[in-house]
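Have a look at these structures, which come just after this line.
First subunit A sits with subunit B, and in the next complex the same chain sits with subunit C.
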Partner chain A sequence: MLGFTNEQIYRYSRHIILPDVGGAGQKKLLKAKVLLIGAGGLGSPTAMYLAAAGVGTLGIVEFDTVDLSNLQRQLLHRTQDVGRPKIDSAQDTINALNPDVRVVKHKVVLDSTNVMDIIKDYDIIVNGTDNFPTRYLVNDACVFAGKPLVDGSIFMFEGQATVYDAAHDGPCYRCLFPTPPPPGEVPSCQEAGVLGVLPGIIGSIQAIEVIKLILGKGDSLKGRLLLFDAMAMEFREMKIEKDPHCPVCGEHPTITELIDYEQFCGVPFPAAPELLEPELVLV
Partner chain B sequence: MVTILVPTPMRKVTGGQGKIQINAQTLQEAFDHADAAYPGFRERVLDEQGEIKRFINVFVNGVDVRTLQGRATPVHDNDQVAVIPAMAGGA
Partner chain C sequence: MYHFPCYLIPDTYKMNRWNPTIINAPSDISADETFDLKGEICPYTFVKSKLMLEMMESGQILQVIVDNDESATNVPKSLTNEGNTVLGTEKINETDWMITVRKK
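Entry: the complex of A and B
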């Protein structure tokens, strides 16, 4: 059947019997190439669900090592992994879950010199980064390369998710947020804390959106910003539109090259996250 | 009364409240009245020229006010005003 092994037919049987997936859809998943930016809070559930779903190639961009304080939420890594490169423990976890998945390791700090080369081989990019410079870099690179970007972000008890796809009439990150906030205006460089389960919710939503894009099924979050508030236990949706004046994907773009926003919050990028009390970093 | 949804980073000025109820006819009034009740609210949303800060998006009933009438956008009872700042966290 479509070149599956018997074991694959059994492993993916709950997908294969789904009308909107089927054998053909599962084949698409196995052939898909998805790049995860970050193997942390958001990247963990996304990577694990995409691996379990049989997404054939998972690229991971991650240069960090596992810290004990990561384990409260970053499910790709185990206590015994503390001190190891995250990209290695991520690969171990993914392949223990599903040996069908080919993990491609990009152990680099993304910047304007390498991002286009890294993303070019992938169908879909998933944003799980923890800082503004990388968010703008990845957005601009995806606009230039015409790749869909499945975006997620988290802060304390709140999360956001959407799909940016400027190549298909969708907005990009800069349509919403044309320029980075000035240093100190938005808590970002320092951690104000995050509920450990929160990235599980947002990262899982990103995984669903990736799978829908691969299958070509359903209504994606393109043009919609999904907001989640864990304390109120509320999901809300905001309509977001392509901005004709967007500096990167608009009609007369002013940003035509990648930008490395190196200085943020007065510290060199990448900054080591510091644990601060929330009131110290609130705007 | 309109309901303003307050994002986590701004809840310090609202005494931790994620939603506040404000009497207003326009979005600008909603910000002004919110600032009267919760001093410091306005300066977190508007810049020195009085415009909505560019790293913040404001939505009335789920629609970006930049596609409506900006700060002049009329608001009515039971409308929801969402203030959504850029958020970078992911790890």
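Entry: the complex of A and C
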């Protein structure tokens, strides 16, 4: 009756009440398939809010095991999970939160041989990785597959989020940063450190963008890079445009197949801020 | 005017403040669906009414029965907020109310 179990009506009542969600929107969420790349700092809040919202299928790509140093920010995992595969503790946390959610585990390191096959069954891809090779690989794969990529990154006290959707006139990651910087030119994440709450903000923003895309409501971050500075407690946004000369989504692409860059950890932030600064607008 | 959902109002504030606005439905009205929500409380009386309306066609008429003044006060307001037309809020016995609404 009513298309929901009685338990679901209670669980999702605060969504169903919303004029922009309703029963129809909640059913869209329950049918949606979202892939999370990484079950770490960003993936944790994204996964938990999407699970709580009743997103029906959550795929997770994660190969690491839980380390004590993860617990400062990665809320999917607990002290007792140290040493366990992150993907298993992520599944336990999600299922304990909402048994409506089907967790699909992809316990692999993403590379050019497996990424297309993994993303093909999902509606939306969410990036929670902290390294350049995966970032470029996932970007290119989403461009080739025509899937929206909800991107987020964090560094020390700053974070950013956007939606790349080259299939719908939006820019992709390479429109901004055509090639990765050479290894060694950027400090590694471990050296730089990160405020533990920061992924909570950015990952939650990614979760909101995913839900809006599923519902087809609101203005997404497509074409806008949202920048957050925790120290100044300030949000700013930058317009970002599709580059017709982009090597992967441009008019004459030079990159037509996936590339496995050498694995190194780095700061996924604008390498040339002076290049971007003039377009900054206060919000 | 914005109508605050009942779950945002503290319980202490709620006491004795439910005052359903009585509207007598036209006598020739015939419901396409009737929904017995006795035993259900706010906001679930509204949530379930809304879900029922979503399954009906525009212009069709739904009658819901609730057994508390809080729901009889709030459900018509919330249904109106969403653009539907409340045609009746009537007390049908000692405890129960019948709300008649036309889907937008």
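The rule we apply is simple: the second predicted complex is superposed on the first by the 256 of 283 C-alpha atoms of A that agree within 3 Å, B and C clash if a C-alpha of one lies under 4 Å from a C-alpha of the other, contacts with A are read in each partner's own complex, and residues count from 1 in each chain.
Everything below uses one rule, namely that contacts are C-beta pairs under 8 Å (C-beta built on N, C-alpha and C of every residue); 3 or more make two chains touch, one makes a residue touch a chain.
The structure presented is a predicted model; accordingly, all values stated were derived computationally and were not measured.
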{"item": "First, second, both or neither for A:Leu68, with subunit B first and subunit C second", "value": "neither"}
{"item": "First (subunit B), second (subunit C), both or neither touched by A:Ile240", "value": "first"}
{"item": "Subunit B versus subunit C as contact partner of A:Val197, first or second or both or neither", "value": "neither"}
{"item": "Partner chain(s) touched by A:Ile259 [first = subunit B, second = subunit C, both, neither]", "value": "neither"}
{"item": "Which superposed partner A:Ala24 touches (first subunit B, second subunit C, both, neither)", "value": "second"}
{"item": "Which superposed partner A:Gly3 touches (first subunit B, second subunit C, both, neither)", "value": "second"}
{"item": "Contacts of A:Val109 with subunit B and subunit C, given as first, second, both or neither", "value": "neither"}
{"item": "First (subunit B), second (subunit C), both or neither touched by A:Ile16", "value": "second"}
{"item": "Partner contacting more residues of subunit A (subunit B vs subunit C)", "value": "B"}
{"item": "Footprint overlap on subunit A, where subunit B in one structure and subunit C in the other make contact", "value": "none"}
{"item": "Of all residues in subunit C, those that touch subunit A in their complex", "value": "5, 43-44, 46-48, 50-52, 54-55, 78, 81-82"}
{"item": "Subunit B-touching residues of subunit A, taken from the complex the two chains share", "value": "38, 40-43, 70, 74, 127-132, 135, 152-160, 176-181, 185-188, 191, 194, 199, 225, 227, 229, 231-232, 236-241, 243, 273, 279, 282-283"}
{"item": "Residue ranges of subunit B touching subunit A (in the complex, touch as defined)", "value": "5, 7-12, 18-19, 44, 53-55, 57, 59, 62-64, 66-67, 82, 84-91"}
{"item": "Complex interface listing, subunit A residues touching subunit C", "value": "2-4, 9-10, 13, 16-17, 19, 22-24"}
